[in-house]
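Paired with chain B in one complex and with chain C in the other, chain A is shared by the two complexes that follow.
And now, the complex of A and B:
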C-alpha cells in the first residue's frame, strides 16, 4: 500500500515537472552562425588564412556548416575573388589559372544578356554545391570589402545538423559566433 | 660587413624580391561592381534563384520518434512479461538499434534529455521542446509500472551492448554494488555541469557518450576508442555502461523499485536450480528472484529455464 502511495507521489512529481516544462516550451531551438561575429565574415582579405573550425569541429562527417551565397547580394563579377584564386597566374582566357575552393564546390555560369562584341564581359552566377561544401570559409574570407560584396556567409544547414546540446563548433569558436535561436529567427 | 654600404644591401634585397615575384604575374584585382546587380539590370529573362535553406526534421517526425519510443517500450513489456520470448526481444533490440541508433544517430535519447530537463528547471530562460520532455518522462513512467523496459532492447546505447554480450562473467556482488554507485556520481556531475551559467554549461552525458560515434559513423578518435573498449569489455561483463555509468539508469533503477510488475521467473513453481541466475549477465537475480532495479529486461532467464515451457500465456 505504501508503495502505491510512493508511486503516486513520484508520478505526480513527474507530471508536475512535465507540465512546468511544457508551459515553458518555446518551440524548437537551433544553432546558427552569427555572421556579425564570424571572424571570416568580419576580417575580409587581410592576407590571413581563413578560420576553418566549422569544418574540423563539427561532429557529423561533412560539416553541418556550409557557405551560402545570398544571390541578391552577389556582384556576379566576371572574376570572382571567391571563385578564382586571384593571386594565381593568369591563363590564356585572361582568368586566374587556379580556383580558390579546395573542394571545387562553386559552379560558375554566365547569366543574362550576352554582349556579342565582348562575350566575356558578362554577369556570372556562382552556385555553391551543398553536397561538396564543408564550410572551410575560404570563399567567405575573400568575398569581402574591398574585393567582394560580402554575399557569402557561413550558415548551419538543418538537414545535416544534429542539434547537439552544446554544439562542438561553438565550444571551439573563438568569437562565440554560434548561437542558439528559435527556428523562426535562425533562417 | 660594416664596410659594405647599407644602400647596396637594400638594393640587392629589392632586386631579389623583384626577380622572385616576376613569373607569378597576377592580375591586379579590381571589383567591377559596387552594388549587386538585380534581375532587371542583368536582363535576359534572368531570375534570382532562391537561397537553399534546408529545414530541420519536421515536427511531426519528431512526434513520431516519441510515439515510436512509447510503442517500443510497450512491445518490450509485452514480449517480456507476456510472450516471455527472448528471440522476439532480440529482434526488437536489433530494430531499435537500427532506428534510434543508426538511423536517428542516437539523438534525442532519454539519457541526454536528463540534462535538458535539469537545465530547463534551473534556468528560467532555457526552454526545451515538448518532445524532449516526453522523451525524458515516458521511460520513467513505464519503469514505475513495469520496471526497466526501456533498458531492454529500446535504448540504443543498451542495445549495442546487449548484442555484443558473448561470454559474461558474474561480477562479485560487492564489487558490482560498489561500481553501481558510480552512476550516481556521474548523475551528480552531469547535473552539476548542466546547471552552470549558459556559457560555462556543459553536457557531460552527450560529450562522453561512448557509442554515439558508432551511430554517426564518425567521431573524435579518443571517443571511438573508448566506445570500442566498452564493447570489448561488454563481451565479458554484461552491459558495463548501463550498469555502472548510465545516469538515467540510476533514475530508472530508483523508479523500478516501485514497479507494480516485473520479470518473474516461472511464477507459481518451485525454483531451486539457479540456472537463471547463472544465465543473467547482469547479476540481477538474487535468491532466485529477479531484482527489479537491476533487471534489464533481456529475458535470458526465461530462455535458460527448463520449466519455462508452457508458462507463456
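And now, the complex of A and C:
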C-alpha cells in the first residue's frame, strides 16, 4: 500500500513537472514582477532607497526588466519626480536642474492644449525608451504614492527574458517579488 | 514666526475635510458623516450623511454644507437636513466648499473646477476651469480653496505649484508660489500645495513629505508650521485656521486632527 502511494506520488510529481515543462515550452508560464511586493512600488514604504537587483541580478545583458509607464494612471505632471531629480537646484526655467534617470531613458513632451508662454500650464507625456532602460527602479520609486501616482512599475519583458527555471532575480529579491504566472495573468 | 503642536483630536474614521464655524467649533467630514467638536477639541455631536462626506463648510447663518459625490447636503447646526443639491455634472466630486458674498462655492474634483452657485443652488459660473489654458491641474485628485475677507478665492493649483487668486466671477488675478525642491519657500514634489486655508494669510499643506506652511498675501514664507509630526504617507491634508490663529490639519493616515498655535503669539 505504502509502496503504491510512493509510486503514485512520484508519478504525479513527474506528471506535474512534465505539464509545467510543456506549458513553459508553450510560453504559458512566465516570470513577472509583483508590484505589490516590489519595494520600489509597494505602497506604504517611505524613505527607502531604490532597489536595483532587477538590473544587477538578471542573466540577460541590460536586464529583461523594464520600467513601464501605464498612461491611464499617469498624472502627466509638469514636474514629474520620476523624470526630474526634484531635490536638485532649480534652473532658469523654474524646473529641477537635473534629470533622475541615470541612462536618460525617459522623454518628456507637452500634450493636449499647449501654452507656449507658461510651461506650467501644460500636461506632459513621459515615454520610457526601453532600449535605454535597464530596470534600475529609480523612477518607479519616485512615482510611488504619495509622491506620485504609481503609474510606473517594473515589468519583465518577454522578448528579452530567457525564462530561466529559477530566475536569478527571484533568488536575490528579498521581497520575493518575482513570481511565475500564466502568461495571460502576467501581462 | 514659529508654531508648536498643542493638541491632537482623534476622529472616529477617515477625515477628508475640516472647517470651523464662527464660535470656534470644529467640523470634520468623513466616510460616515459629520462630526462636531467644541472649541476645546471635545467631541460634541455627529450626524450621518447619505454618502461619504468629502468636504464641509459652515455658512454665516450656521447652515452646514457637506460636499459629496454628485451632491451637496445642507443641514442645520443640529444635523437636521435642510436641502440636497444634486447634479452629477456640476457636482461630480465635491472636495471643497466655501462662501463669497451671497454665493456658495464648490470644488468639483471630477471636472477640475470651482462652481459658484447662489444660495438657492442656481449655478452662476465656473472658477479656474480652463483658465488660462488647462485650468486646475490636480493629479492628487482634490480641488481645494479658501476665501479672504474681500471674497477673493484662493485656489490650490498643485500641478503648477501655485495658489491662484480669482474673483468670484472667475477672473484670474494672479498667484503665489513656485516649484522648489530645496528652498522651503517653494512647493516641492509633483503637485503641491494640495490644500489651502485663508485667514490673516495663506496657509498650505503639502504631501510627500507632509508639510504645513504659512505665507503672507504677497507670497512671502512666514513659517514652516510642521513637517515630521504627520505620517509620511499623508496626502490631501485638509487645513483650517481659527480666529486666534490656531492651525488645524488632518493627518489622513492616522485619521487625526493636529492643532498648532503660534509661539509668543
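One rule holds for everything that comes next: the second predicted complex is superposed on the first by the 151 of 187 C-alpha atoms of A that agree within 3 Å, B and C clash if a C-alpha of one lies under 4 Å from a C-alpha of the other, contacts with A are read in each partner's own complex, and residues count from 1 in each chain.
As a working rule, a contact is a pair of C-beta atoms (placed from the backbone, for glycine too) under 8 Å apart; a residue touches a chain by one contact, two chains touch by 3 or more.
Remember, predicted model here, so these are calculated numbers, not experimental data.
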Partner chain in contact with A:60 - chain B first, chain C second, else both or neither: first
Residue contacts with chain A in the superposition, chain B compared against chain C: B
Chain B versus chain C as contact partner of A:115, first or second or both or neither: second
Touched partner set for A:47, first chain B, second chain C, both or neither: second
First (chain B), second (chain C), both or neither touched by A:160: first
First, second, both or neither for A:68, with chain B first and chain C second: first
Touching partner for A:135 - first (chain B), second (chain C), both, neither: neither
Where chain A meets both chain C and chain B, residue numbers: 75-79, 81, 86-90, 94, 96, 112-114, 123, 146-149
Sites on chain A touched by chain C in the complex: 43-44, 46-47, 75-81, 86-90, 94-96, 112-115, 118, 120-123, 145-149
Chain A-facing residues of chain B, complex: 23-27, 29, 31-38, 42-44, 46, 48-49, 51-57, 59, 105, 107, 112, 115-117, 120-121, 127-130, 133-134, 137, 140-141, 144-145, 199, 201-203, 206-207, 216-219, 255, 258, 260
Touching residues (chain side chain A, partner chain B) in the complex: 3, 6-7, 10-11, 14, 17-18, 20-22, 24-30, 59-61, 68-79, 81, 86-90, 94, 96, 111-114, 123, 125, 127, 130, 146-149, 151, 157-166, 176, 183, 187
In the complex, chain C residues that touch chain A: 132-134, 137, 139, 159-162, 178-183, 186, 188-191, 207-209, 232-235
